[in-house]
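Pasting the structures in now, so scroll down.
Each of the next two complexes has chain A plus one more chain, namely chain B in the first and chain C in the second.
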Partner chain A sequence: MRMNTRARGTKTKMGLNFIIGGAQGGGIETAGLLAVKALAMHGLEVFADREYHSNIKGKHSYSHIRASEERIRSIKYPVDLIGALDVETIATHYKDLKPGGVLIHDAALLDKPITKLPPMEKERLERLKAELEKEDIGNTVREFDKWLERNGRIVLPFPFSVIITEKAKLASPMIERAMNTAMTTLLLRAAGMPFATILEAVDALFMEKVEAKELNKAVANAVNDGFNEFSGNRNLGTEIIGKKRSARGKKMLVAGNDAVAIGKLIGGLRLQTYYPITPAADESFVIEQHSSLFDLKGEIVGSPIVIQAEDEISAICMAIGGALTGVRAATCTSGPGFSLMVEGIGWAGMNEVPVVITYYQRGGPSTGLPTRHSQSDLLFAINSGHGEFSRIVLASGSHEEAIDDAIKCMNLAERYQVPVIHLLDKGIANCVTTINPPVFGKIERGKLTEKGAWDYRRFAFDGDPVSPRAFLGDELMWYTGDEHDELGHISEDPENRRKMYEKRMAKREKILKEAPDEDKAVLFGDENFEDLLVTWGVTTGAAVDSLPELQTAGSKTAILQVRMMEPFPVDFVSKFISKANRVISLEANYIGQLAELIGWNTGFRIKNRILKYTGRLITQDEVVKSYMRILGGEEKIVLMGGE
Partner chain B sequence: MGSCKGCKWWRPDYFFDNLGECEKMTGIRPENEAACEIFEAKIETEFCWCRDCRVTFHASERDLHKGHNFFCGTRVDLDAHEYTSTGD
Partner chain C sequence: MSTDWNSGVWPDWCPGCGNFGIFTALKGALSDLGISREKLVLVSGIGCSGKIPHFVKVPGVHTLHGRAIPFATGIKASNPNLKVLVHGGDGDLLGIGMGHLIAMGRRNPEILVVIHNNGVYGLTKGQASPTLQLGRKTKSLAFPNINSAVNPILLGIASGYTFLARSYAYDIEHLKACLKQGISHGGAGILEVIQPCPTWNNIVTMDWVEKNTYYLKDWDPVVKDDEDAVRKAQGIIGLESGEKKALGTILIDRRKEAFGKRIASIYKHYDAEPPAAQQVERNGTALPIDLEKTFPRFFIQ
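After this line comes the complex of A and B, so read on.
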C-alpha cells in the first residue's frame, strides 16, 4: 500500500466518521449501539452501518458510524478513528484510516502477531501477508503500529485490560460488554465528546439491567480518568464533536426493521406472520414487543397478533387468511423466504387479497450472504409467480420512507385489493439512523360492502376493477385458486375468463393514474440537469449525500430515486430520462436491474452503470469517484469498497 | 511457580484471551497474574482449547496444533446471545 504520509488535522465541521470492530459475539453490537446513542443524545444526526458475519462466533464484525450536524444517509471512507477490539480489526481496517486519523486498541495486543488470525478468511489473510512483506513491516502489532505512525496515523494503545481488571474491579463475568463500553468511551472522548453524555448513553442502553449498568459505568469512569491523564500530555487533535447541540425537536433513533414495525403499528396492522430470517426477523420482534396499542387517552385501541409460522409458505398463507377476515395483515421475509411465498402471492393475486409482504433483500442466490446487503431481487419481486396479476412493488430509500411506506403499503393493498410488496434491503434493515418522529397518516380501508347486502358478489363486474370487499363471515363468498365468476365459483368460460382477467389487470392503470408523483419517483438536485443518476433503495442515500460533490465535479447533475417499481410509472420516469444528456444507473447488483427495468418500460437503454455486489453498501466516496470515472469515459464500473 | 496462564484451572476468554477467569474463583483477572496456592501446571487433557486457532481440539488432533497455546478450557459470556446479531 502507498499511504499518504501527509498528516492533516482531523478537525472538520462535517462531524465524525469512525469504525468500531471486533469479533462477532464479542459484544461489538453493544459498542456500536452505545456510540450511536451517545452521538444522538449529543444532538447530532447519525447514520451507522452494521456489518456482521453469518457465522455467529468469532468472525470479524464492525459498526461504521457517521455523525454530523446535518442529515446523513450513508457511510463514507476514509474514517477519522478506528477502535479495534482485536488484532483482526487492525489488520482489516488499517487502510480505511485517513492521514492524521487515530487507531485505538488495547495495549495488551501489542506483542501479538498480526498475521495469526484464526477467524480471518484465507484470501484476506494472504493479501495481508503480502502487504506486510512488501512494506517490510514486521510481525507484531507493536511493529505494525510503528509503521502506521511513520505513515502519519496516530496510534493509541490504551490499557483497557488493566482498567477492566484493576480499576473497574470486574467481578461478574462480563468482559465482552465491559471491553466494548471501554472502547466506545475512549473513542468518543478522543473525538471530543463530554463524558457526561457518554454516561447518559450508558444509562439509556442498560436501562433495566442494573448490574450491567453499574459495571459499565465503572468501566467508563475508569477509562475517562485514564484518558484525562493521557490527554494531559499529548494532543490528539481530534476535537471533532464540539459542543452539545441545543434541542432541535424530538428525534428517533431507529434501524430499518424498527421503522417498518413502527409504520405497520401506526398503519393499523393487526396480524403479522413470519418465519425467522436475516435481515427481516427483528421487525416482527419489535411488533411483538408492542402487544397493546394505546390512544392518547391511554385506552387500548388494538393488539396486533404476531405469529411465528412453521415456514414461509405458512406465513404468507396465514397472512392471506387474516386479510380475508378483514384485519390488516402482513408478513416479512428476505429472498429465501420470499421464494417460498411465491405460490401464495399468486393465490392472493387471483383472489384479490390485500396482503402486504415486506421484503428485505440480502445477498443471494440460495442462502447466499445472509447478513450482507444486496439489491438483486428487484426483478424477482416484480415477476415472481406464474400467470399475470396486478401487484404493487414499492421500494423505500430511507428509514423515514420505510415508516411512511409501511403505512402506505397497507392502504394501497386495501384500496386496490392486490398483494403489495414493500421492497427494502439489508442496508435499510440494519443501518441505524436518527429520524424525525413519524406523522400519523390516514388509514384508508378501500371499497367495502355494506353489511347484509343482498346478492353479494365478491368479484362483481361493476365498471371498477376493484369490487366492494366483504370480510369472511359477513357475506357469502367463495375463494379458490382457480379462475372464477363474480361469486367466486370456478369458471372456465372464455368470456368470463376474459372479463375477470381484464378486471384484475386493469388495476395496474388505475394504480398508476391515482398514484401521487412522490410515490413514483423523487428527483434530488437541479431540475435543469444534464446528467441523471438513477438509483433506488438505501443506495439513494449515498447518491444524495454526494450530490454537492457531484455538482462541483461534473455538469448539472441530479438524482432520480425510483420508488414504484410495479406497476412501472413509465410516463413519469420517461419525462426525466428523456431530458438527460447522460443517464447513469447506480445499484447493488450485477446486471443493473433498475436500468434493465427502465429499458423494458421506456425503451431507453442506460449504458453507464455503477454496480456493486460484494454485499457491502455503496458508499458516498465511491459514488463521487465512480462518477468522475464515468465523466472520464468509462462505461461500466464495479465497486469493491468496504470490508 | 508461574502465572495463571500456566495453570490447569485457567480459562482464557474466548475473545479477549489475555483476560480470563479461574475455574476455582470468581472474578476476571489478567493471564499474567502471579499464580496462587491452588496452582497446578496445565496438562494436555483429552480435549484442549487452542487459543491460536480458537477451537477445541481432541488429543488425536494434537499434531495440527504443535507449538500453539493450549488451555484446559475457555470461557464465554453466557449472555452473549443478548447482544449478538445472528444470520440465518
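After this line comes the complex of A and C, so read on.
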C-alpha cells in the first residue's frame, strides 16, 4: 500500500487558476497549450482541462488551467483570471471569477450586445437573459463590465485588435488567427510571467513551423509592449507567478491520450488498431507520429504499426489477429466503439487471447455527450459480453498511472492470456498535466512454448489455468469461438466443457492472488480514518487535491482509489470499507457504479454518494463542499459545477 | 509427395454438401503449392463453411460471424510471412460481414477470400442469403425472397480486388486451379464457389448448375494498363449481366500495391522487421528507448 499524500502544511503556496475561452476553431486549443507550456517551462506543475463541443468551428470552447509549485490533479473554481476571446466566453464564465479576479477581453468587444450569441445553447442563453434582467445589468459588454466592477471584479478591456494591426503589422483578417497567442501572452504577463519564457514557449510549441512561429512571436511582442504601456500605472493585483523554479529533473507535459500512447510504446505495443472516435483517436495519432522508437545511439529498437479499421468490430478483430501471431496488440475506443467490440472481446476471452482495449469513457448512452467527461461505463466494461470469461479491468486515476498501467495491461494480458480493458475517462484523455518521465519496468510475456514442440496443445490442461502459448506460424493450433478441446477443436462434450470452462474462469482467482496491492486500490490520507471517500478514475485527483481541506473539515478522512475493477479485489477493499465509520462514494455517473460494485462484492451498502453526470469534471471545490454537506446530514448529492 | 492434410476431425457436413468438394480441392491445391503447413493460416467465419479449418491440418482460426476478414488482416499485417486464406459463406461474407469484404478490397492484402456460396444460411436451417435471387423461394422460406441478390464479383470490382474468380464446388480440378492461382496472387482475391446445399437449397442443384453456368473461354483476365482496366471492368459487367454464371478466372490485376507494401511505405522498418519479428523486451525489461529522442515534444525544455 502506498501513502501518497499527507495533509499539507499551512504555508500558502503559489497557485494560479484561470480560464481562456473562445469559439472553437479559433485557436483556443493552441492558446491553452501555449499557456500550459509556458507555465511548465517556468518550472511549475500544471493541470489543465479542455472543454469543447462536438463541433469543429464556432461553438464555445475553453481551457481551465491551474499551475502551482506542487503537483495538481484537478481543476477548481472560482478562478483568478479569465481571458475571453469572444463575448460568449464573458457571458458563459463571468460567475467563475473570484472577487478581485480579472477579466480580460478585446476592447473591440465593448459595444457588442451581450446576448446576441447564435452558437450558445438556447437553455444557456435563457439563463443568461434571466440573470441580466434580474440584476438590471444592461445589454452591452461595456455595461456588463461595469456591473462586474461594481461586484468587485477587475475588467481589462485591452486593445488587442489595434495592437495586432498597428504594432505587429498584421492585416485585419489575421487578427482572429493571432488572438489566441495575444490573449495568452497578456494573461501570463498579467499574472507575472517573464516575457522571455513566453517567447520560449512559442518556440517550443511551434517547433519546425517557422512561419507560424514568427507570426506568433510578432504578436506576442506587440502585446507585451502594449501591456507594459497599458499597465504601467495600474495594479492588477494579479502578480501570482513567482520566480522561475529550477526543475528537479526532467518533466514531461502530456494529455492522457499521450500518456497511454507512450506507455503502450514502452510496453512493446507492435500493432494498434482503431476506428476514429472522441476522446480516444488522438492516442493512435501519437503512436503513428512516434512509431520509430530510438535507443540512446539513435537506432530504431522497435516500430509498431497502426491500422485505421473500417469500424470498431474490425479494430478489435484485427488486434486479436495480431495477438495470435505473438504481437503485443491493442485497440482504443470510447463507449459507442466499445459497444461494437463486445463480441470480439468475448472471442478473445473464449480463446484466451492477450489483447488490450483502452477504453476512454465519455457521456452516454448512445452518442451522448461525445466530447464530455463521464464515468458511467464501469459496470459495462466489467459485464460486457455474453457468457462468462476472465478478463481484467484496470482503471487509472492519473496521467502517471495511465502510462504505467498501459505497460502493465500488456503484461497482464500476456501473463494471464486474457483480454484486458484499460479503463480511463475523457477527463484523463484530454486534461494536460506535468508528469515525471516514466520508469521502465518489467516486460512479462507469460508462459510460452518451446518452438517446434510436437503435439502442441494450445489449451492444454496441465494444472495451471494458463497454458503455454505458441504463435501462428510456429506450431499447429486451432482457435474457435465454440467451446473447444485442448487442441482448439469444437467440442460439446459435457466433461470437456466443465474442465475448459473452469480453466478459463480459474484465472480470476489466480489474478487476484498474484496482483500487488497497489494494482487493487490505493489509500490516500490517514490510515486510521473514520470517513472514507471511495472513488476512481480522474475524480481521484479532485479528491486527493481536496484532502487537506477534508481533513480540516471532517474527523479523520481518507480516500480509497479503486483500481482493479475486475476481478474485484473483494478482500482488499473490504478491509478498508469495514474499518470506516462512514463511506462516501464520489464518481461521475448517476447510479454510483463503483458504490454498486462494492455493494455486490462486499455486501456493504454505501449510502452516501456524491455524483455528477453533467459531462463536466468533478472539481476540487465541489468535493470539499459536498463533503461538508454530507457531514451536515445529506445522503446523496448531485453536482452541477462547470460550463 | 503426399502430405496428410486431414486433421482427423470428422467433417460434420451433410452428405453431398458442396463443402466436401471445396475441402478436397483445397487439400489438392495445398499439396501442389508445397506450402509448409505452419506457414499457412485458414481463417473462417461462422456457419457450415466456417468449420473447414478444423478439418484441415494447418493452423486454423474459426472466428466470429462475418469477421474472418479483420482477423485475417490483423494476422497478415503482423506476420507477412504467413499465407492467409479466408473461408466463409455468402451469408457471412456478403451479409453480416460485407463491410469488411469491401474494406479488404480497398487495402489489397495478400489474402484470398473463398466465398462458399450456397444461397442460404445452412446452419440455421435455410434462410435466404444475400445471393438468393429475388422472387425465389427455397424450401425453408415461408414466402418468396423479397431482396435482390448481390453479385460478389461485381462487388469485388467496385471494392478494388485484384483477383476475382468463380468456380464450382463439384468441379474439383477447376476449383483447385482457381485456389492455386488465388493463393499465389499477391493481393486481395475473391474466389466465389457455387456450392449446392442439398439440404436447404432446392433451387441451386447440380442440375441447375449444369444448366446455368459455363466455363470462360478466350477471356484474358490479366489487366495490362489503365485503359485495359476500364475495358475489363466493362467486360466483366457484361459477363455478369448474362443469364448464366461464368466460371473461371475473371480478373488478375498486378498493378496495385499490396497492403504490406503500403504499410512499408509508411513504416520504413516494416520490411526488415514486421511486428511479429520484433523484440519487445531485453532480459525481461522494456527496450532501452530514449524517451527524449523518441518523444521530444512531450519534454519540457
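One rule holds in what follows: the second predicted complex is superposed on the first by the 623 of 643 C-alpha atoms of A that agree within 3 Å, B and C clash if a C-alpha of one lies under 4 Å from a C-alpha of the other, contacts with A are read in each partner's own complex, and residues count from 1 in each chain.
Just so we're on the same page, contacts are C-beta pairs under 8 Å (C-beta built on N, C-alpha and C of every residue); 3 or more make two chains touch, one makes a residue touch a chain.
This is a predicted model, so every value here is computed, not measured.
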Checklist outcome for this item: The chain contacting more residues of chain A, comparing chain B with chain C, is C
Next on the checklist: Going by the contact rule set out at the top, does A:P78 touch chain B (first), chain C (second), both, or neither?
Outcome noted: neither
Checklist entry - Taking the superposition as given, does A:K250 touch the first partner, chain B, the second, chain C, both, or neither? => result second
Next on the checklist: Just to be sure I read the superposition right, which of the two partners does A:G326 touch: chain B = first, chain C = second, or both, or neither?
Outcome noted: second
Checklist entry - Is A:I266 contacted by the first partner chain B, the second partner chain C, both or neither? => result second
Item to check | Partner chain in contact with A:C317 - chain B first, chain C second, else both or neither | outcome: second
Next on the checklist: For A:G599, using the defined touch cut-off, is the partner it touches chain B, chain C, both, or neither? Pick first, second, both or neither.
Outcome noted: neither
Checklist entry - Of the partners chain B and chain C, which touch A:H53 in the superposed model: first, second, both, neither? => result first
Item to check | chain A positions touched by chain B in one structure and by chain C in the second | outcome: none
Checklist entry - Can you list the residues on chain A that touch chain B in the complex? => result 22-27, 29-30, 50, 52-58, 61, 85-86, 106, 108, 116, 118-119, 161-162, 164-165, 170-171, 173-177, 179, 276-278, 367, 370-371, 430
Item to check | Residues of chain A touching chain C in the complex | outcome: 37, 40-41, 200, 204, 207, 247, 250-254, 258, 262, 265-268, 270-271, 273, 290-296, 298, 300-305, 307, 309-311, 313-315, 317-329, 343-344, 347, 407, 434, 437-438, 440-445, 471-482, 488-490
Item to check | Complex interface listing, chain C residues touching chain A | outcome: 7, 9, 37-39, 41, 43, 46, 51, 53-54, 57-64, 67, 69-79, 81-82, 99-100, 102-103, 263, 266-270, 273, 275-276, 278-281, 284-295, 297-301
Checklist entry - Mind pulling up the chain B residues that touch chain A in the complex? => result 13-16, 18-19, 21, 26-30, 52-55, 75, 77-80, 83-88
